[in-house]
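In what follows, subunit A forms one complex with subunit B and a second complex with subunit C.
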Partner chain A sequence: MPVKIGIPRALLYYNYFPLWNGFFKALGIEVKVSSRTTKAVLDKGVKQAVDDACLPVKLFFGHVIDLRDSGVDFLFIPRMVSVERKAYICPKFLGLPDMVRHNIPDLPQIIDVTVNMSRNEKNLFKALAGAGKQLGKSGFAIRKAFKRGIEEQERFHRLNRLGFLPHESIEQMENGLLDQNFPPNLSREMTIALVGHGYNIYDQYISMNLIEKLRQMGVNVVTPDNLVDDLIEERSGELPKRMFWTLGKRMIGSAFHFMRSDHIDGIIHVASFGCGPDSFTGEIIERHLRRKRRVPLLNLTIDEHTGEAGVITRLEAFVDMIQWRRAAQ
Partner chain B sequence: MKVTFPHMGHMYICLKAMLRYLDIDIVVPPKSSKRTLTIGTQHSPEFACLPLKLNLGNFIEAHEKGADTILMAGGVGPCRFGYYAQIQREILKDLGYEMNMVVLEPPERHISELLVRIKKVTGNKPWTDVVKAIRFAWYKARAVDELEQRAHKLRPREKEPGRVDELFKQALEWIDEAEDREQLNENLKRMRREFARIPADYTRKPVRIGLVGEIYVMLEPFANLEIERHLGRMGVEVERSIYLSEWINDHLFMGLLKVKGSKEARNSAPPYINHFVGGHGQETIGSTVRFAREKYDGVIQVQPFTCMPEIVAESILPTVSRDFGIPTFCLIVDEHSGDAGVLTRLEAFVDLLARKKDKTGEVKGEVECVDI
Partner chain C sequence: MRGYLGIDVGSVSTNIALMDEQEQVIENLYLRTQGQPIRAVQKGLDYIRNRIPADMEIGAVGTTGSGRHLASIVVGADSVKNEITSHAVASSKLVPDIQTVLEIGGQDSKIIILRNGVVADFAMNTVCAAGTGSFLDQQASRLNIPIEEFGPIALKSTTPVRIAGRCSVFAESDMIHKQQMGHNLPDILAGLCEALVRNYLNNVGKGKEILGPVMFQGGVAANVGIKRAFEKALATEVIIPEHYGVMGALGAAILAGEAVKKTGQTNFKGFGIAEEEFSTLSFECGDCPNLCEVIEISAQDKVLARWNDKCGKWSNSILKKQKVGEEAC
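Showing the complex of A and B:
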């Protein structure tokens, strides 16, 4: 029986799953992803976390518990300090393995290698190599597996650039899609950019199925993940000071791009209740958009008590408003 | 040019000393008050942390008094502090306030970048004067530290409640007024003499509580609802994990002075927090461990609502509490915080510690978290 490693379907799953999956699979390790989010999964997490933790962290706890109960041998919870030079993810990611360890009992062994590329981008290999060693793999196998992981990740990015959303790209890849050269269906009459943390907008339960709801209203949905990094970097460079949160920078850079694009009819900013970085990035996006007065903006804050009905009403009103604006032009 | 700066407890004394020394025209913002908070909150993002809101209020109130330039510290993450100036600039811009911001960013490569920025404020002052000004500010910071430590020790022991508070206020002024090193030393001597005059019971063994948490709310009495004074009045001896001089050295002088910093506290954090988490999250845990080892009776963590590093620490505090058998209490503050409820809960916590102290041998951690 191969060793089984669990990867929570939460937080940076939506950014790095193909890399991790490709790497571990190439090492002959079985990868088990936690179930899709349900109320039960979330509730378990909420119960184990301090009240003040943000929803995504609570949800992460829930997915860890789900994996623990499904009987994996290892849990992969890397300490994601930084994924690019001189930028970080949120402080909570820096303490994530510690928070998990001290709040959830009876866990299998946690592989909590530190990924810190703020000084040196090669650190990614070092981190995964550390994980491979903990699993008893040879240096040779690790190097090969790393290459495999990077290939998968690049394929993932290509699909995202094509117009798939990350959760769809992951699914397509699981279904065997290697590559394609035409975009997925984006033929609806209106396009709205969804700007927010991947773990908020792609998790169907947490986002209350926001993406599908918009599509049913005849809206194409694009997100920062559909844009190339250089563009995001360039646009976010308009800020007087470089933003030091990778995810926040992506949101701001893409919002700055979307607000000038002729193809974008509206922007929806999705934030977690009480999220530290969102409070700042949201503020910047809102102020810049307001000054430009070009693209309408909808701000959505979600927490465990957000009601689905209210969200639908606001979405519908937003889409209606865009239609009127268009008719008036 | 009229320079102002954000408030953080008694830090204004040091900044004032430094800038005056360089003949810079300054406006000290009115002390942080309910009004400051209301104005700041009104214009800030809802989930911004409390220090940002209060500081924004400081700037607006300073602007009303004629300030046109803001001097403040920056940072490179991962915590929000490093982006405060950027957010505040955007807000002030939309409010139509023309204020110039000079942000002391940690030097990317070399200390000289910081010097260039300081020069922007100091104009043509020779570099040696800048060094002297920094040093003078530093002595004042140390003086404030000493004053606070003396007050912490004496409050639970004074025989006529209120005497320490009175002297504290007075001595702050003495430190603030001193125009040079000599005067400062004179005033410090006077302060020590006055402290010695306060009748006190030095044999009393009070409950001892360690204060940990986010630096700003720890250092700003308005933000922490004057927790130190209240605890002292309840007969508790308070010790704080970090003092003004350490923060100034870390953030304004970029570790220019070789003094014992927060490293010690960080070193005590593993195995609970094994990595830097931004802000003072790791120090919160490390200092709790240290207080527990030094046989303090309890630890209080203060944090602003939505503070990321402190939420990480708060998640892990229960384990430390259990392992060391030290009760902890966490106080979360935001613009809705009010004293009455807090005081009752604080009293209950102090009672618990006092009871525990009587019955020796009982070792059990208790955690209480109060959201105000």
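Showing the complex of A and C:
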């Protein structure tokens, strides 16, 4: 029976799952993803997590518990320090494997290799090779599997550029969606850019199904993940000082692009309550937008509450406003 | 002669407005919701029925506010619109060149920025309800003064004291402290008004370009102390419309009138619903781990609607014209 490794469907799952999945599969390891977020998963996470963590981190705990209970041999929780030169991921990700280890009992072995590409981009290989070695694989097999993983990740990026959203790209790569009328980003009356952390906007539960709600209102949804990295990097260069949070930089860079695009009718900034970087990315985006004053902006804060009324009211009013503005032009 | 009815079911108050085809207000009503939105709507309809001109029939009904979906099922609404759009519609009908609408209600506060008669930007308070009507109510009853006298007493102040307005818990302890130091009541109340306005402008109005004419509406607009504090902070005159308390309902009535112009006839179920027995029931659906809290409303054992399920199993299981959560017009 092949060894089973569990990957939580949370946090950077929405950014790097194809890489991890491709790598482990090529090594002959069975990859088990936790089930979709439900109230039960979130409740378990909130109960076990440290109190002052943000909602997505608490949710990650829930997914870890879900995997533990489903019986996996290993848990893959890499310590993501940096994924590009001189820029970092949020400190909560640095401590993630430790937080999990010390707060959740009876866990299977955690593979917590450190990914730190801030000085050297080859570190990614080193990290995954470390994971492969812990699983008892040979150097040759690891190199081959790494190549496979990178290929999968590149395919994922290509699908995202085509207009799929990351969770749809992953679905497409795993199960195939093309024959079910995808990509869905076609012929809708307006386009709204959702700017936020992937783990907040693509998780249907904590985002309160934001993307589907917008689509039902006839809105085409685009996100930073649909853009090429170089474009985001270039646009974020407009800041007087280079931003050293990778995820925040992606939000700001893409917002700067979207606010100039003729195809974008509005921008929604999604922040999770208590997120330090989000609190100022929203502010920076708002200030820059105000100087241009062309694209309407909505700030949405998500937290543990499940009362959808507040979110629906704001979304409806935002879409109304765009329609109204158009009718007046 | 036809009349248009607007119903705004808010967290604290339920407001009903009746206007004629010339959009003149004939009757309006401000009721406490007291946690029973259906009962409040029925009470309101009963009141309107007895005051409606003999030759008038209801040509359209619109609902708004956080209880708009529930109310729309009960009365058979022609339009169901969020409160931001409703308030903006009502204000711009009244003062066509209005540029800023400040609205403070029971638990919500919002700011709407209009340019050339079109909503250009809006914001609502986030998770915190500090500085809304409920807080003023609570403080008034703590100081043992009727809420109606709050404003007039505050106006007598010559040197308002400074009170922390960031959080209503801090504000309260600050107020008690100032009381114990011997400041007089008018100065404390005026200080509270200024703190509330400061908090509103910093939170809800953060970064918004507030230009005149400025209109102030919502239940709190009854408080002249707050009006004066706004005028002081903004250094401009603040208009309080005659029907400040029911502006949302007026907007809903206007929108309903427009909706009926398109459809040709109203869905209004008649004033008989004031006597009808409605009952609501909520249950947790256990068919998947989402454990949705489904709400069911029925009249005389006939289920009218169900909602709040994520998958649509319950809401789609009864045949009806529209699904709750989607706009009717």
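The working rule: the second predicted complex is superposed on the first by the 318 of 329 C-alpha atoms of A that agree within 3 Å, B and C clash if a C-alpha of one lies under 4 Å from a C-alpha of the other, contacts with A are read in each partner's own complex, and residues count from 1 in each chain.
The definition used in the following text is that contacts are C-beta pairs under 8 Å (C-beta built on N, C-alpha and C of every residue); 3 or more make two chains touch, one makes a residue touch a chain.
Please read all numbers here as calculations on a predicted model, not as lab measurements.
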| item | value |
| --- | --- |
| Fit-or-clash call for subunit B and subunit C when the two complexes are aligned on subunit A | fit |
| Touching partner for A:Trp245 - first (subunit B), second (subunit C), both, neither | first |
| First (subunit B), second (subunit C), both or neither touched by A:Arg143 | neither |
| Which superposed partner A:Cys90 touches (first subunit B, second subunit C, both, neither) | first |
| Partner chain(s) touched by A:Arg287 [first = subunit B, second = subunit C, both, neither] | both |
| Subunit B, subunit C and vertex subunit A (Cα centres) - angle in steps of 10° | 80 |
| Partner chain(s) touched by A:Asp51 [first = subunit B, second = subunit C, both, neither] | first |
| Touched partner set for A:Arg215, first subunit B, second subunit C, both or neither | neither |
| Touched partner set for A:Cys275, first subunit B, second subunit C, both or neither | first |
| Touching partner for A:Ala328 - first (subunit B), second (subunit C), both, neither | second |
| Touch count on subunit A, higher of subunit B and subunit C | B |
| Distance of closest approach, subunit C and subunit B, by C-alpha atoms in Å | 5 |
| Subunit A positions touched by subunit B in one structure and by subunit C in the second | 273, 287, 290 |
| Of all residues in subunit A, those that touch subunit B in their complex | 49-54, 79, 81, 86-92, 94-95, 97-99, 102-103, 114, 239-241, 243-245, 271, 273-280, 282-284, 287, 290-291 |
| Interface residues, subunit B side, partner subunit A - complex | 45-49, 74, 76-80, 82-83, 85-87, 89-91, 94, 103, 105, 272-279, 281, 305-309, 311-316, 318-319, 332, 369, 371 |
| Interfacial residue positions of subunit A with respect to subunit C in the complex | 35, 38-41, 205, 209, 216, 273, 286-287, 290, 296-297, 299, 301, 303, 305, 308-310, 312-314, 316-318, 320-321, 324-325, 328 |
| Of all residues in subunit C, those that touch subunit A in their complex | 66, 81-85, 116-124, 126-127, 207, 209, 288-292, 308, 310, 325-327 |
